[in-house]
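Shown below is the structure under consideration.
The letters A, B, C, D, E and F name the chains in turn, as written, and every chain counts its residues from 1.
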Amino acid sequence: MTVVTFGELMMRLSAPGHERFVQAAHFNVAPGGAEANVAVCAASLGAKARFVSKLPTNELGQWALNGLRAYGVDTAGIARGGPRIGIYYLEKGASQRPSKVVYDRAGSSFATATAADFNWSTLLEGADAFHFSGITPALSADLPAIVETALIEARRRGILTSCDLNYRRKLWTREQAGKVMSRLMPLVDVCIANEEDASDVFGIHTGSSDVDKGQLNAEDYRRTAEELQRRFGFSKVAITLRESLSAEDNNWSGLLLDGTDLHLSKRYRMHIVDRVGGGDSFSGGLIYALLDGQPPGRAIGFAVACSCLKHSIEGDFNPVSLEEVNSLLDGEASGRVQR
Amino acid sequence: MTVVTFGELMMRLSAPGHERFVQAAHFNVAPGGAEANVAVCAASLGAKARFVSKLPTNELGQWALNGLRAYGVDTAGIARGGPRIGIYYLEKGASQRPSKVVYDRAGSSFATATAADFNWSTLLEGADAFHFSGITPALSADLPAIVETALIEARRRGILTSCDLNYRRKLWTREQAGKVMSRLMPLVDVCIANEEDASDVFGIHTGSSDVDKGQLNAEDYRRTAEELQRRFGFSKVAITLRESLSAEDNNWSGLLLDGTDLHLSKRYRMHIVDRVGGGDSFSGGLIYALLDGQPPGRAIGFAVACSCLKHSIEGDFNPVSLEEVNSLLDGEASGRVQR
Amino acid sequence: MTVVTFGELMMRLSAPGHERFVQAAHFNVAPGGAEANVAVCAASLGAKARFVSKLPTNELGQWALNGLRAYGVDTAGIARGGPRIGIYYLEKGASQRPSKVVYDRAGSSFATATAADFNWSTLLEGADAFHFSGITPALSADLPAIVETALIEARRRGILTSCDLNYRRKLWTREQAGKVMSRLMPLVDVCIANEEDASDVFGIHTGSSDVDKGQLNAEDYRRTAEELQRRFGFSKVAITLRESLSAEDNNWSGLLLDGTDLHLSKRYRMHIVDRVGGGDSFSGGLIYALLDGQPPGRAIGFAVACSCLKHSIEGDFNPVSLEEVNSLLDGEASGRVQR
Amino acid sequence: MTVVTFGELMMRLSAPGHERFVQAAHFNVAPGGAEANVAVCAASLGAKARFVSKLPTNELGQWALNGLRAYGVDTAGIARGGPRIGIYYLEKGASQRPSKVVYDRAGSSFATATAADFNWSTLLEGADAFHFSGITPALSADLPAIVETALIEARRRGILTSCDLNYRRKLWTREQAGKVMSRLMPLVDVCIANEEDASDVFGIHTGSSDVDKGQLNAEDYRRTAEELQRRFGFSKVAITLRESLSAEDNNWSGLLLDGTDLHLSKRYRMHIVDRVGGGDSFSGGLIYALLDGQPPGRAIGFAVACSCLKHSIEGDFNPVSLEEVNSLLDGEASGRVQR
Amino acid sequence: MTVVTFGELMMRLSAPGHERFVQAAHFNVAPGGAEANVAVCAASLGAKARFVSKLPTNELGQWALNGLRAYGVDTAGIARGGPRIGIYYLEKGASQRPSKVVYDRAGSSFATATAADFNWSTLLEGADAFHFSGITPALSADLPAIVETALIEARRRGILTSCDLNYRRKLWTREQAGKVMSRLMPLVDVCIANEEDASDVFGIHTGSSDVDKGQLNAEDYRRTAEELQRRFGFSKVAITLRESLSAEDNNWSGLLLDGTDLHLSKRYRMHIVDRVGGGDSFSGGLIYALLDGQPPGRAIGFAVACSCLKHSIEGDFNPVSLEEVNSLLDGEASGRVQR
Amino acid sequence: MTVVTFGELMMRLSAPGHERFVQAAHFNVAPGGAEANVAVCAASLGAKARFVSKLPTNELGQWALNGLRAYGVDTAGIARGGPRIGIYYLEKGASQRPSKVVYDRAGSSFATATAADFNWSTLLEGADAFHFSGITPALSADLPAIVETALIEARRRGILTSCDLNYRRKLWTREQAGKVMSRLMPLVDVCIANEEDASDVFGIHTGSSDVDKGQLNAEDYRRTAEELQRRFGFSKVAITLRESLSAEDNNWSGLLLDGTDLHLSKRYRMHIVDRVGGGDSFSGGLIYALLDGQPPGRAIGFAVACSCLKHSIEGDFNPVSLEEVNSLLDGEASGRVQR
């Protein structure tokens, strides 16, 4: 089982503990980025994972590559060159104070990559799944076409394709996102979205859930999923449902529309250690479960349990084992010490 | 808008994380002190803030001064000299274990300051508000008269005067506090107190709230506020209401008696990062709101939101922006990541 | 009041904060071990405590001995020699992710100790209580007989003997444990167990509590205690009741069967800082309370309050004072700052 | 005495201790940049210092501004806006392994600043000295003209102007540097250079010193200084002489050509804590000494002693007091504990 | 160019900075072990490197494997299973105080590995070099035969074989070492030794150098090399020469006997950051140079420069690039900042 | 062999690494104080050590007591009570920048102790040596008499008495010191001084050594020792000789005048990790050697070797073993790794 993901790997600079940016005398530094997170998650579960990207040839690029390699991800598909590594700064919120992310990724090696950097016929060799998120085509004018090339090659080879819509308003407008993503979606098998993406990217408003108040209505999201399926012909649509009670306390669940069947996961009340990468670990878990041939009801449960555990782990990455996900999925959620 | 505050700036030595004092191999060190905290809060919100105090000429005094200056507080009014910087040690509690504060401030440069150290006509030049807390006159025999001089000068200039009662039983007895504070209060416009101060300092008992059990009754505190107003003629009385559910979980709200109108704030359930300085950030927020001309109902809400955010921040200081307070005040309390 | 405890002192290597093992670039290191934890707890409460064990002569053995000595435990009874210090690795869980303990204690100096290392007539000189846990006889083939020798000598001197069953499935099978412990128990006055031990060690199943779901029924545990008492003739049986709501949120209470009287403690809802050593601090508190002559109802309350506080403290040890335990026992659980 | 400096303030991200970039799990973070360093140095010595620059409006910009403000530098002249804060990464060398600096400053707020961001008539109000380094005009196409405007305004006001040539080959070619700097130099009073700059920027080769071997010949540098003076009419030319014995062991001295008189400083053998900012503290010390009216022989000694101390301090900044510099200058170099 | 190395990978637990073991409250933790160090060094220089070993299936084994994988070493040849990961503790010395290493590797997964764990025909597939050190056969009774099997298979395939004698007196006696190593050496092409090994393992005493006084005589070591060559028929013998002036100051050089030609390297005076792994990086550099076809005079210089740089780097590993080694070898030893 | 020492135990707050005070965001914290340091040193060498002092009853007092107890010092003679623990702040110098010590010990529990706090007949029970330094009588008006009482009791019991002159100009004037110490010295057997004390305290100037230039002449110090012996009748006079080459590089040696025989130690060139407590470890080593019955020539060598090792250890304390001192004394100064 081989998963290929495509996107930017950044340097994540986070203020330690609950320090505000203005208080920081040092930053924790770790690699992170939506699609790299998916690759690490899949590799940790036991799949082969290959990450395709571009990093500068300098020591910071090497640092990021090593950080990914440590988790067993195949990094041979990472082109080297270009001006700089993208950065994102993270300040962890608490209680009523929200976490803050400041991006500094313009002009990065990945954002300035060109089609010549990626030989998809080699990169997709032997792959079973290809994944990207809506961030990747948002990063440059060249990237939508590069993603399209990859998707066409993947389709040609019968590889399962998946996309997490992952709308980021600081990267592009809703109009830009809608236009680009509408062109790419027909090439995608599995669409993954959070509770806001469908509305932001495709203007699909289907209910009265109040995201800001942390009250979500699963029925609304069924309609969202059905509308996504109707428009683009996805074989599966998965939606994550996050209810934000505070910066640290969230409810977390998901649903999967498989043809006409809707599967709803268990809902977890989480006390969060690190929320960033939570959605990516859902994608990683879902892709793993689907390639693994799990029935859809178990697959959505697996993906939600997998990402539930991520929220208890520092950093973007989700180094949890198959056994750990299965144990939670099978009901062991008491947090009792294992010895 | 210029706020002047007067008090002691200490070195805060806190055991890291949840370590007990006896476990500590290093201390986090940061400046702190009730009135300095108010100045930093006001400056962070956008006011000009001036802090008046005295610090030793040695490197530790300079360290504290720099730490204040970083947040944009005008430190020109800090006299230099005297024997030592005051210290307080902090051990952070958790669950049923309370936080502990050990003071070591006797004989400090501020406690041994004299009237000659402070030229109030210069120090209050251009000021719109003057603030102190009940800690300041408790620190030495000279300080009550120095505070009185400042208040008289402030009144003469039409500056808004405010006082946080801030009773500390380790500094003086209730009798001493009552005597000194009763003399100063007629010179104060805005009186700020927590749920115990009025009783401790002035013997005003108005209800059956059980502070130790974390059950507070707002109606009781209305009577407390009215009695304070009656005795000393305050134009406004603000009371913070803290319900301690555990060392980390508190409810937090406030009320403002403005003439005969009582305004009650929203109540926040907080998961606390650092509780010290919580009351001071309420004072800072309230003074800002009043100088800003906010109507009393919004002002008390602003002060409570401002101090609610402080509880999620490490250290005595409250580096939150006007936008952040307004965002919480306007209902955004879900802690959703901002990116 | 002098308490002697006997067992292994290990090096505890814990990943910092909530880091997973695979993420760790450094480990916090502290001494720990069930019976040493009891000794530190008793010493912190004001008793004299003596710890009997064996540590290597190298610097790591000295490090552990010093770490114990710091808390006022008499270490003269620690034999020196043998191949290595035992280790346990700890990864702290969060939310649905459980904490993990990996033992590396095989072949340690204590596990290879022989009867010749311990002169019980000297070691028990002047003692009022002797305590061990079920871990000690599990560590080697020689240790059951060594424990038996100590118990016989203790009985001869009229010393109160106590044992925490403390079953560890990675150290021995239920059959082995049952056989060895059944031989030792008749020499024990006070039996201490958690909600699973009696079942694991002696096959005593008395009810329908679902440990994994965090739902415990005190009535079931009364029957467990009575059956333990019936079989081995204990003068007292104490059982701790842990309801695991998540890795960080537990309910914690205990019961004490004293002859025919059952005493139930208050139940605390804890937000946990460090769960390891929680049971040991219950034993330490109970032994202290019994030697102190507290009536059984207060003694069980004291032990539970003592161990409740431990859960808010980093490390295996429980450096809380008598005043702190009494304060919690007497109702001060609000966590209000003490200054 | 008021010193104005103009340049970029960056975020300095340094691997802790002697860690290599690929080993880093966190970075120490501190503000730094040639001209900001000069301002901090001058302020620490007792001058008034004003720093002119541009920083983004985000929290990282505020962090940098606060970090400068802590040292007493007037930050009112820092424009806010633009895309990002510039970054430089630092890996500290040891023994034969050189330190490495990786710049990531392209597209920063300062590099994209325009003439409209700086009102020199306000910014130079009351100034006694204006300083910049060769880095500033190298950062964008607009900056040479902005610097020229500032220099013309400074000349008009009779303000002492100084420039540290500070050639950086990664920012521009020698040809570009020579062209731009040749245009600016006639407006400069005091030229500061290290042992390589004159050759790099202006092609002035005057001797056989072998920089790489750490062998410098002061006589060669006299000729360099004279040639600089001849070409551009500087009133003073100062040259720092660094002999690199290893990454940590350097000899450090300087010379000052004042008209026709050459003044040579003492030479210090330094064991280096942090070499970055060493040259800037020389500029800061020299400007202070000149404004202070010190005779040239003492001034060059003062500048070298000032920067010698910097090499013993972590970070770009040089928080040393006038007394400390004078003490070293007056011969106290034994490093004896002061108590 | 593919290098295979065989040995134990341990967890290195080092007291931070210059702390003594008894002072440590945390340990830095990093993977390390002689042959793994060689693999990392070769991979960093640009070779393909494969490490063969055995690690436990638990999280600590995974941690070590990930730590190696980060540096690009192929870990597919690491068997998983067995009881525990080997440990070594490191206390870093200073000045006259020596560094201390305490081993705790008995009973590790590697020490209990059997021939069945290693399929050498697969493991040596495509390899150009096979390396082990004298530590490997010292770790168990089975390992000498396992090494012999590997060497025979390597010889069969025409793979270059190398061995670093690496005598450790705590692992075996000189007699045991002499016996085992004498049997293996005829299968080795390149013998690597430090200034004491030949004497310790084979009783070859050839001169009057006083290792303890840090005075080494290269001529003595020529005779040692010649005698080694004579006895075992090595094609090349390399000897590292360390003169210990203090815990932090060493001279470092090496010689290579190639047939009858002796090549002496430059001697470096090093100020040491971390001395452990110094010899292994010599082996890594030498193997790289030989596979790279460098002439012997350059090869020994390359190996010494490579390992000289290692002494400036924290940890056992040597993440230096080919360019960095060549730069030092070509004379750039001044430690000047690279920017 | 039992050594009793008497003095103040402080909290040492040191800026980490080479940070200046104004840069510190945390302080390392460790107990320290001249006479406590001597006790720890003696205990580490294998003697029984008892420390007599007074500490506050609060948690900071307990912290200090525990820190001493960890090293095996008997703390039963430490009175508890009084206002506060004394503090000293330490900034570690480097190269030409000197270390700085800022004392904040006025009004401490020890400085306000009275004769009633110390029952010398109990405290000296079974003692073989009693030691204090010149700091102790300098701390209050009561302490000279308390020291005198202790010395008289010690003399009565035939206990060896020793005093390290340890002049601190910030505590008292030379005149005050001379007067008090002249009264105590006739009760002292062994006088210990550094290269400046005899001059500072007793006005004994005997030569032309230039302390500030780091050039010491042993012959001068013989005359100093003889004059001390002549005036006060010491049985032995020991003088430490420190040549300060830089903050980190010192030469260190000592001499012992035993009756008419002068014994000069070896001189060590030290690269210093932490210089504070260096003199105290000399006293500790000397007292141990004398009680151990070492001949004077070996005793002075032992004391100097013991204190040489201290300079390589962080903190005031000197946890070195007898074996380590003997190893250095016997010539092993190469710093070679011990494994």
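Heads up, the rule we're going with is that contacts are C-beta pairs under 8 Å (C-beta built on N, C-alpha and C of every residue); 3 or more make two chains touch, one makes a residue touch a chain.
In this text the structure is predicted, and so the values were computed from the model without any measurement.
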| item | value |
| --- | --- |
| Any chain in contact with chain B as well as chain F | C, D |
| Label of the chain whose CA centroid is most distant from the centroid of chain F | A |
| From chain D, the most remote chain by mean C-alpha position | C |
| Whole-Å gap between the CA centroids of chain A and chain D | 45 |
| Distance between chain centroids, defined by C-alpha means - chain A, chain F (Å) | 62 |
| Chain centre separation (chain A, chain E; CA means) in Å | 42 |
| Residues of chain F whose C-beta touches two or more other chains | 20, 22, 25, 66, 100, 102 |
| Pairwise touch network: line, ring, star, complete, or other | other |
| Pairs of chains, among all present, that meet the touch criterion | A-B, A-C, A-D, A-E, B-C, B-D, B-F, C-E, C-F, D-E, D-F, E-F |
| Complex interface listing, chain E residues touching chain A | 66-67, 69-72 |
| Sites on chain A touched by chain D in the complex | 13, 16, 20-22, 24-30, 58-60, 62-63, 66, 83-85, 87, 89, 91, 100, 102, 104, 106-107 |
| Residue ranges of chain B in contact with chain A within the complex | 71, 268, 270-273, 308-309, 311-315, 319-320, 324, 328, 331-339 |
| Complex interface listing, chain A residues touching chain B | 17-20, 22-23, 93-103, 168, 170, 211-214, 244-249, 275-276 |
